[in-house]
Amino acid sequence: MADLSATIREALMRVGTSTLTGLLNRRGLKNMYLQDVWPIRPGMPRMVGIAFTMRFIPTREDKVGSRGNVQQRAMEECPPGHVLVVDARGDARAASAGDLYIGRLAARGCAGIVTDGGLRDSEGVLKTGLPAYHRRPSSPPSPIVHQPYDLGLPIACGGVAVYPGDIVVGDCDGVVVIPPDIVDEIAAEAVASTLYDEFAEGEVAKGRSLVGLFPVANDEAKRDFEIWKKSR
Amino acid sequence: MADLSATIREALMRVGTSTLTGLLNRRGLKNMYLQDVWPIRPGMPRMVGIAFTMRFIPTREDKVGSRGNVQQRAMEECPPGHVLVVDARGDARAASAGDLYIGRLAARGCAGIVTDGGLRDSEGVLKTGLPAYHRRPSSPPSPIVHQPYDLGLPIACGGVAVYPGDIVVGDCDGVVVIPPDIVDEIAAEAVASTLYDEFAEGEVAKGRSLVGLFPVANDEAKRDFEIWKKSR
Amino acid sequence: MADLSATIREALMRVGTSTLTGLLNRRGLKNMYLQDVWPIRPGMPRMVGIAFTMRFIPTREDKVGSRGNVQQRAMEECPPGHVLVVDARGDARAASAGDLYIGRLAARGCAGIVTDGGLRDSEGVLKTGLPAYHRRPSSPPSPIVHQPYDLGLPIACGGVAVYPGDIVVGDCDGVVVIPPDIVDEIAAEAVASTLYDEFAEGEVAKGRSLVGLFPVANDEAKRDFEIWKKSR
Amino acid sequence: MADLSATIREALMRVGTSTLTGLLNRRGLKNMYLQDVWPIRPGMPRMVGIAFTMRFIPTREDKVGSRGNVQQRAMEECPPGHVLVVDARGDARAASAGDLYIGRLAARGCAGIVTDGGLRDSEGVLKTGLPAYHRRPSSPPSPIVHQPYDLGLPIACGGVAVYPGDIVVGDCDGVVVIPPDIVDEIAAEAVASTLYDEFAEGEVAKGRSLVGLFPVANDEAKRDFEIWKKSR
Amino acid sequence: MADLSATIREALMRVGTSTLTGLLNRRGLKNMYLQDVWPIRPGMPRMVGIAFTMRFIPTREDKVGSRGNVQQRAMEECPPGHVLVVDARGDARAASAGDLYIGRLAARGCAGIVTDGGLRDSEGVLKTGLPAYHRRPSSPPSPIVHQPYDLGLPIACGGVAVYPGDIVVGDCDGVVVIPPDIVDEIAAEAVASTLYDEFAEGEVAKGRSLVGLFPVANDEAKRDFEIWKKSR
Amino acid sequence: MADLSATIREALMRVGTSTLTGLLNRRGLKNMYLQDVWPIRPGMPRMVGIAFTMRFIPTREDKVGSRGNVQQRAMEECPPGHVLVVDARGDARAASAGDLYIGRLAARGCAGIVTDGGLRDSEGVLKTGLPAYHRRPSSPPSPIVHQPYDLGLPIACGGVAVYPGDIVVGDCDGVVVIPPDIVDEIAAEAVASTLYDEFAEGEVAKGRSLVGLFPVANDEAKRDFEIWKKSR
């Protein structure tokens, strides 16, 4: 089972999805941000965890009940520290999950839930405290549209391939996926980059021009950054 | 004219649209949730009322003014306790109504307004205190896109057939429609179901497994629920 | 360079985009409201400024870097009191700008930023205090999708033609564009119209019928309005 | 009942929808072309007729059969020389009609069928010989999505308001609607305009510049046109 | 492995997808028609076969080549008499397959290919003679957007759940899926229903009313049908 | 002015857009195929030419006539051998051009017209013989939606950046753009690749497996290809 050290987890908690997509892009990973997937409320806490996947296919009247309760199993089997990522084919006409299911994930120490479909009972979901991301609220029960089919396969979510074991990070702007084999270096670079951004934000607020400061730092900016770091 | 007892109204005020769509689905009513129709602000009060309908058709330059002010009539004629439901063909390029019209509904004791188009002056609408649901804000005046044509016909709203006299319920996740002839039993079941959910949420928060608890309760869960109800 | 007096600016700060689209419509200007362009947060301050434009075209791998940093230049050259309006072809798969760029606009005294694509680092953008409008949040860096190509040309934004020098006004419902040659009269009429709306809202709240009051005022309403104005 | 003389009918059979939308636009009628509504096959004969309307609303499981067979009535009651125009809310997930229904329209001397949803049995429809326009083919039977509700009301079709009695014209590019009170003059102008286009096409094919020829004719072009007309 | 007798195959070759969706709907199967999936050319031969499935997920730059050539394997392993059904998530920005791959399916005696994405080299595909269905043509090579991931799983295609072993039928209006356990009775009913339609079409063409004939046959129509059958 | 030798032109006339997108992709050019842009009829001749661009912005009632007739100028100034590529923002609600304009392009020796909006008078356009590509037919005159603004700028068309001087190639599957500095080598490779495809198609039709043949050729396949070439 994939793992994520407390250090990396904390580091990723302090960096934004914008910083991460920028660093992933530099490595040629251009499609790691889930399109049209949002926090259920703007003020929700950030999310860091390891991907555990569930795949929905469309409901078919002759197959109802043929798979047991895969959805319930997902809530019972998603390991602590993991994020349940759901492939709902971008279809939010019926819910991907609701507050009781998500409450169970929370109680079991999971790190969040992400679907490119909808979530129901958003008020109840909010009360569970678990970071939850979806396309939009959706009250109808999932079997109207979805049949949960399997767990643990690579899936599509928000137009992005999500593999079990991927690192999943969410903030108020959405959700990004990081391959586990580069997460350590990405986290380290992200912390450094976030620090530079903090410095640059201060400079910009004081009226400094972007030229030589951002997006590319010249020697002077690098020197000032070193001084700023020491003086913090 | 359709009616809704205070008891049923209060009961529906305390249950969520997710609970209602679940119960409607069990009766084979699969398409009662208005798709892509949202409260104008997340914190808005819940809504319960009886449907009174207005139908827009597209504006045509040679027909302007040919119908008198159907829109104004809607605001003056929608009965107290009713929700004005507007068929805007899902088109939010121009508004379905604004704060003065909606203020009049509020002053006349109506229960809310729902459109699958847009509302304008959302800040003013919020001040009226009337629950208001739409697809998205839209500032342009309605005649740019819409001709209000008739009142009191069955319409489409958010992909759902809404008949005058239907019961309309809204919460932070959206709007659901209930046929009036089953509203009493749906309300009773919804209250019971909401109580069970409250029990189950507590159990889940304490770490209980979903197996045998939700979505299907086994004998043990039923027994524990009875005990919990008595101890409240 | 276009100019906007402090008086007009303050007047426009106090009127809503609904009022403005109504007045523009009466002059035959039917398409001045940017469709699907929203404040990054509901509570954001209103925006009034003069349009300064940037045009994106799609990225092409063989053209990367061929234009210098047009995006940085936009942030350095957008004049104080101006709104940077970005033609992102409605494509929010990658960001149009982020918090450092927008912080520079704020520091330089610009009036806002508007894109029909996405903005990244929305929390940081919020901290800059600059009114910012977009289609939806978007974390990926802009070069994945966009090549900034030129500044100062008429563009499309949210389905509306925006010419440099146009007056741009934003509130919680979205963004509207006003031709500079009629902004003085539009502002004056908007203030008057807003005052009448305030009067009418009070009347409606007291239970007065819309007939003769709104949308068309009869003699009685006009008289009452005059009395109300004196008594304020 | 609206009427259309054989002369006007024949005139409209010889002019294209492009010519008609141009002439309607000059009278301020800007939205008379049905968007996304196409002939079922490119080679289909042109269509001219008077609008007879049917309105679908979404299906609801508790209302099935509550309206008798409105759809069958439409096929039996649409008068000869008329076009059955269907408001399917742009929804082609299930059919608006099929070959037997359309065969009956053909047998009864109707002039065509138009829907902004889908038609089924397109091969069979083609065999009936009746001009038929839709968004796309759709095999599922209509009750899966649609409840036919009423006949003879103004409706929306392809984003255009269609009133019973309107003149409906279709060619290989789509369908246009003409108000009956101006159809005589529109038809006359369209014939004249089509003749000029024929002349101009010949000139353009011979290498003549568009300047002074099209879209605005100068005196020379007008003179040449007169000569050309005589020499035909 | 699922099987399909020559008799059933031939029966299904002679009935339309409209007839089949009607019969499936009567058994409560409401979502068996693939939405927005079309023959590559209108005149293409009909298709009957057994579903063999391939699932694409989105491409990811760090996973290229990690699955061997699943796509090539699909073409080599799809059994004779089977239809390769591809889950492309409705994404036609890059191709699902091209003429060489499809030529191999044809050479191996497969019955067709269906994707809810795009096909490339449509002229070459046409030359292979294999029935081919897609959303629209798409020239770019599949790896730009798609990673072929697995064969033989239930998938989504055109919004429909397709299980390996399902019977897949295509005509000029699109593609429908039939559960294998009811295909015999569906085929028999479809042939009978098609015969009645042929009779009814003739009657309608002769001017007979739909009342009592279609969609519901009365005793007279049943009697006439029996006579007609004998006289054929 | 960009140029294109007769040899390259003829080579490109004989290769498909699928072959070209494949070769461009190998050079890292992943977005050169115009999405949702189609030939006006399936049987239209192929197109090869050099890009000459026109940019539309949305119409605004206060700017009508402010640019002279840019559209007419486009038809008079697009050089022989060039393709007029139009940025219509993917908006086909009104036409980008019609048969007289396109007839003039044909008479002047231009190579084609491409828009991501619509074309009107498609029958007339077909008669001009000029290859013409669009999103869908659209009868309404362009000023209802579009203001032609400038010629000769890089534009977006079908989601692709098109620079003046780019090589534009169209077949029955759509349109692809080639940077002029690599067109010679792309053309040469495309001819070679097309020849191999022809060989491979023959082999596949004879029953040869794809393994070692396509998409990757092994030594045996290379040897057989050499023999086949000599025997042609």
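Here the chain labels run A, B, C, D, E and F in written order, and each chain numbers its own residues starting at 1.
Keep this in mind: contacts are C-beta pairs under 8 Å (C-beta built on N, C-alpha and C of every residue); 3 or more make two chains touch, one makes a residue touch a chain.
Model, not experiment: these values are computed from the prediction.
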item	value
Touching chain C and also chain F, the following chains	none
Partner chains shared by chain A and chain F (touch criterion as defined above)	C, E
Shared interface numbering between chain D and chain B [over half = same, under half = different]	same
Inter-centroid spacing, chain E versus chain B (mean Cα positions, whole Å)	40
Centre-of-Cα separation between chain D and chain A, whole angstrom	50
Centroid spacing, where centroids are CA-atom means, of chain A and chain E in whole angstrom	37
Rounded Å distance, chain A centre to chain C centre (Cα mean)	31
Sites on chain D at which at least two other chains make contact	30
Chain-chain contacts as defined at top	A-B, A-C, A-E, B-C, B-D, C-F, D-E, D-F, E-F
Residue ranges of chain A in contact with chain B within the complex	41, 69, 72, 75-76, 93, 95, 98-101, 103-104, 106-107, 120-124, 127-128, 136-141, 143-144
Residues of chain F defined as touching chain E within the complex	16-18, 20-22, 25, 30, 33, 35-36, 38, 42, 171-174, 176, 197, 200-201, 204-207, 209-211, 214-215
Of chain A, residues touching chain E in the complex	28-32, 57-63, 89, 91, 147, 149-150, 153-156, 159-161, 163, 179
